[in-house]
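In what follows, chain A forms one complex with chain B and a second complex with chain C.
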Partner chain A sequence: MNRLFVNKLILGLSTLSAVIGIGFLFWILITLSYKGITSIHWSTFTNDLVEGGIRNLLVGQFTMAILASFLAVPLGMMAGIYLREYGHGSKLASVIRNLSDVMMSAPSIVIGVFVFALLVDPFGGYNGWAGIVALAIMMIPIIISTTDNMLALVPKELREAGIALGGSKHKIILQIVIKAAKVGITTGILLSFARIIGETAPLLFTSANNQFFTMDLNGQFPSLTVSIYNLATYPDEASRELAWAASFILTMIVLCINLIGRFVIRNKK
Partner chain B sequence: MAESIVMDVRDFSFTYPGVEKPSLKKINLPIKENKITAMIGPSGCGKSTLLRAMNRIHDLYPGNTYEGEINLYKANGEKENILKIKKENDFIRLRQEVGMIFQKPTPFPMSIFDNVAYGLRLAGIKNKTELQDRVETALKGAAIWNETKDRLNESALGMSGGQQRRLCIARAVALKPRVLLFDEPTSALDPISTGAIEELIAEIKDEVSVVIVTHNMQQASRLSDYTAFMYLGELIEYDDTEKIFLNPGEKLTEDYITGRFG
Partner chain C sequence: MSGKLFRNFSFLSATLSFFLLVGIFAILFTYAQDAMHAFGIDFLFNETWEADEDDEGGVFGGFIPIVGTLLSTIIAMVIATPLAMGIAIFLTEIASPKISKGVSVAIELLAAIPSIIYGMWGLFYFAPIVQKTVGGDGVGLLTAGIVLAIMIIPFMASITRDSMNTTPLVLKESAYAMGATKFEVIKDVIMPYAKGGIIGSIILALGRALGETMAVAFLIGSVMSLPHRITDPTTSIPVLLANNFAEAQDLEMSAMYYLALVLFVVSFVIISAAKFYFFGKKAK
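After this line comes the complex of A and B, so read on.
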């Protein structure tokens, strides 16, 4: 009797917790959708921030995130390959692996401050490059860890079979092992991209923001997330509406990238 | 007629990194040309370790200690101690001469054709017609040409377990190695697929010399010409298969093959 009661109690409590968690999520999504959709107009996409739109912000955010990926993906993947394929149990590899895990949970504002000291202060002002580097620093540990973990799933027999056919180690890694881990690594890259596309803190005092359309990375660079942060604090109704619209669009973008990631996993496995 | 020897293991000892005692102690074993040599023995006796030393797959992981000699006799009669190999190119050449088939099927994540062509391309064959010819010959040799000829461009990962094993054999045979090492090629296979693989091994021995590690004593007795019995890192007895199974010289061998231990 007592056992059944405890069982019901635990079941009830965990269901309640789940409902509360999901409840908040839906609350956020519903508010966001309601306020966001009603604030979106055609001009939101065609105008720049100075005219009450987010065109330059979207372009700026994607430019920085994509360029950051160009920096972070090769570096992260090569580091991951080193950890799994070459470091193999060495002290250095385990130190790097641990540091990279610590980096993954580093507060993003700290990364922002670091890049400020490195690339903003000495160069006399906010610039797009600094934003790109800050985003790349956020991305690298995620990609290192996914690459490392996905390569670990590739059976060692596959490497041995390649070696046994006369392949050299680097050829086996590039032509067989990476291919076998392709789906997992691609998904990891997509998810890390989704992560950085919504980041504000690393951009806040690196690339800052720009009201106008620009592709000049040497100056302040437009960004959606920093704009949301700014717009939300403005007193006028129009700015706050634009902040809702931008938040909704950003959420949809992140959601889409995540869904694509899951879709890739499901279809390739 | 004296049978010629293709590989010759002499006073060979092997120690894994970080272990005090050698896993193989002073092994002496000849591998005869175009014959099947079986290695039997209980788990952990070192038979796979010995097999993996014969094309130095161990070197994928650093820190192993080799002592003694393993000689590979070339077609022209020259011999080479494969334990002396240090250069990458020589390793590649060794593995093209001494191929290996693993316990688990290991198709590469690419098409059936590319799987078989992989080793050939590594060997430097670029000519398309030559590649096609040799892939076809290899697949025929491994008795899966009929099943695969219409789907050469499909992924090898979609094949059944038995087909994947035969694909791996085709892949190794394609390089025309002088010796093929099989590490329990039929473990966890049903009797029909096992029969197919055994038949295949018996057929390819006209072309290559075969060394096979097996837990299955019936398999060793029906398939091999020579049998080596290993126990605790030592070679206890090596002789004609018939002799080992009918009239073993050592008490230990007799106990093992009659199932008294192991």
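After this line comes the complex of A and C, so read on.
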């Protein structure tokens, strides 16, 4: 009897854990939606931070994340291609693969400190470029790992067929292998984009923040996430409301990109 | 693009991870030199953090943020580990495939929410609850630890689920045929089989919790004092860096780099350990 009871107890507790997990998701999403939606006005989208809106912050955050992707996606994909197509099986490739995985889990604040020393301190001030580089450093390992894993799923026969047709190695990679892995890599890019667009720590002392609309990457650059951090700590109600509105919008953006990424995979299957 | 150029470019991109890792270590180490010379290894055990009047020197020790980081991480791990195991068991052994899929997506969405949102939510919704039920100021070690736990649960649960899923069906069926209960199958067949992956996931989550900045920054209280009760506010390495790094001068700045180096090295060791010992060198 006893072991049947233990069995029920453990299974019950496991189910309870799942309920708790989902409970937190809904709790966070519901409070966030409630606070966010009641704090959003039309002016939230049309004004800049200095006038109590987030227009410049949204543009700034997206600009940095997109430019970081332009840097990280080619580099990460090329590295992934090397690991899987050229260096596969070699000791060097396996070392690099492991180092890249370690980089993926490196604390984001440390990356901020590193980029500060590299691109802020020597140039005399916060700048958008530093923020972009910090975000790209966060993104590269994720792209490497996705590319590596997705290329691994491409059947060897496809490559052999390419060789049989007399294709050179890089033509086979570009025109056959990458095409076959396109969906998986696209998903990986979307998911990593969703990850970096919500990052705060690497931006705190690289691009910092800007109250005004600017596209000048040589100076402090507006950031949605850094603004949320600042606004939430101000005592006045208007700042807090704006922080909630910004948090809600940010979360929706991140979750939507995530769901789109998953949807892309499912459609393919 | 010629083949050779393509190959070389891909090789250079691949070596970038190596140079980044070495570069981060070298930069942090170089900038931390002043503090290392001034305080040596005692830095790790000294609880004073005081700048001189003229802002040029002072005594800086990392003990308080180090303790804060460790304690908040321990609280998070104690809460997160059983819950994540439970969720993984639910997903692999209890739920029907349809429910399991739905719950998996929900758990992964939980993982996708940016950490600053956890901080916001924790500060305005969770901290007051902690304050009412346990006492204290609302913000402090316990609140930070609990919200940190919520953040790492999805991560831990999904890796654990994946390793549990690798258990061959035949093994499970044999145990069931012997009359084992579900729990006995989980305990005696699945857990031993998936042990490496499970311990690895716990260690990776530990690494994540140590370096988490934004959620903790909202919730730990950010005061330079040792906590005496679990609800006391304190600070952690990432939080101290987030709030004070940019304003620091000279020796204090160097001490901040020292702390960043400590955090970087510790997470490097933890993540490498998880990779090499528990996930093994997977021959993909």
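Just so it is clear, the second predicted complex is superposed on the first by the 266 of 269 C-alpha atoms of A that agree within 3 Å, B and C clash if a C-alpha of one lies under 4 Å from a C-alpha of the other, contacts with A are read in each partner's own complex, and residues count from 1 in each chain.
We take it that contacts are C-beta pairs under 8 Å (C-beta built on N, C-alpha and C of every residue); 3 or more make two chains touch, one makes a residue touch a chain.
As the structure is a prediction and not an experimental result, all values here were calculated from the model.
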item	value
Touching partner for A:A194 - first (chain B), second (chain C), both, neither	second
First, second, both or neither for A:N210, with chain B first and chain C second	neither
Contacts of A:K179 with chain B and chain C, given as first, second, both or neither	first
Chain B versus chain C as contact partner of A:T44, first or second or both or neither	neither
First, second, both or neither for A:E160, with chain B first and chain C second	first
First (chain B), second (chain C), both or neither touched by A:I137	second
Residue contacts on chain A - larger count, chain B or chain C	C
First (chain B), second (chain C), both or neither touched by A:K169	both
Contacts of A:T15 with chain B and chain C, given as first, second, both or neither	second
Which superposed partner A:S227 touches (first chain B, second chain C, both, neither)	neither
Chain C-contacting residues of chain A that also contact chain B	168-169, 171
Chain A-touching residues of chain B, taken from the complex the two chains share	55, 57, 60-62, 88, 91-93, 95-96, 99-100, 102-104, 106, 108-110, 118-119, 122-123, 168, 171-172, 175
Residues on chain A engaged by chain B in the complex (per definition of touch)	88, 155, 157-169, 171, 175-176, 179-180, 182
Footprint of chain C on chain A - complex, ascending	3-4, 6-7, 10-11, 13-18, 20-22, 24-25, 27-28, 31-32, 35, 74-76, 78-79, 81-83, 85-87, 93-96, 98-103, 105-114, 116-118, 137, 140-141, 144, 148-149, 152, 168-171, 173-174, 191, 194-195, 198-201, 204-205, 208, 225, 228-229, 232, 243-244, 247, 250-251, 254-255, 258-259, 262
Residues on chain C engaged by chain A in the complex (per definition of touch)	1-3, 6-7, 9-18, 20-21, 23-24, 27-28, 31, 82-87, 89-91, 93-95, 103, 105-110, 112-121, 123-125, 150, 153-154, 157, 181-184, 186, 204, 207-208, 210-214, 217-218, 238, 241-242, 245-246, 256-257, 260, 263-264, 267-268, 271-272, 275-276, 281, 284
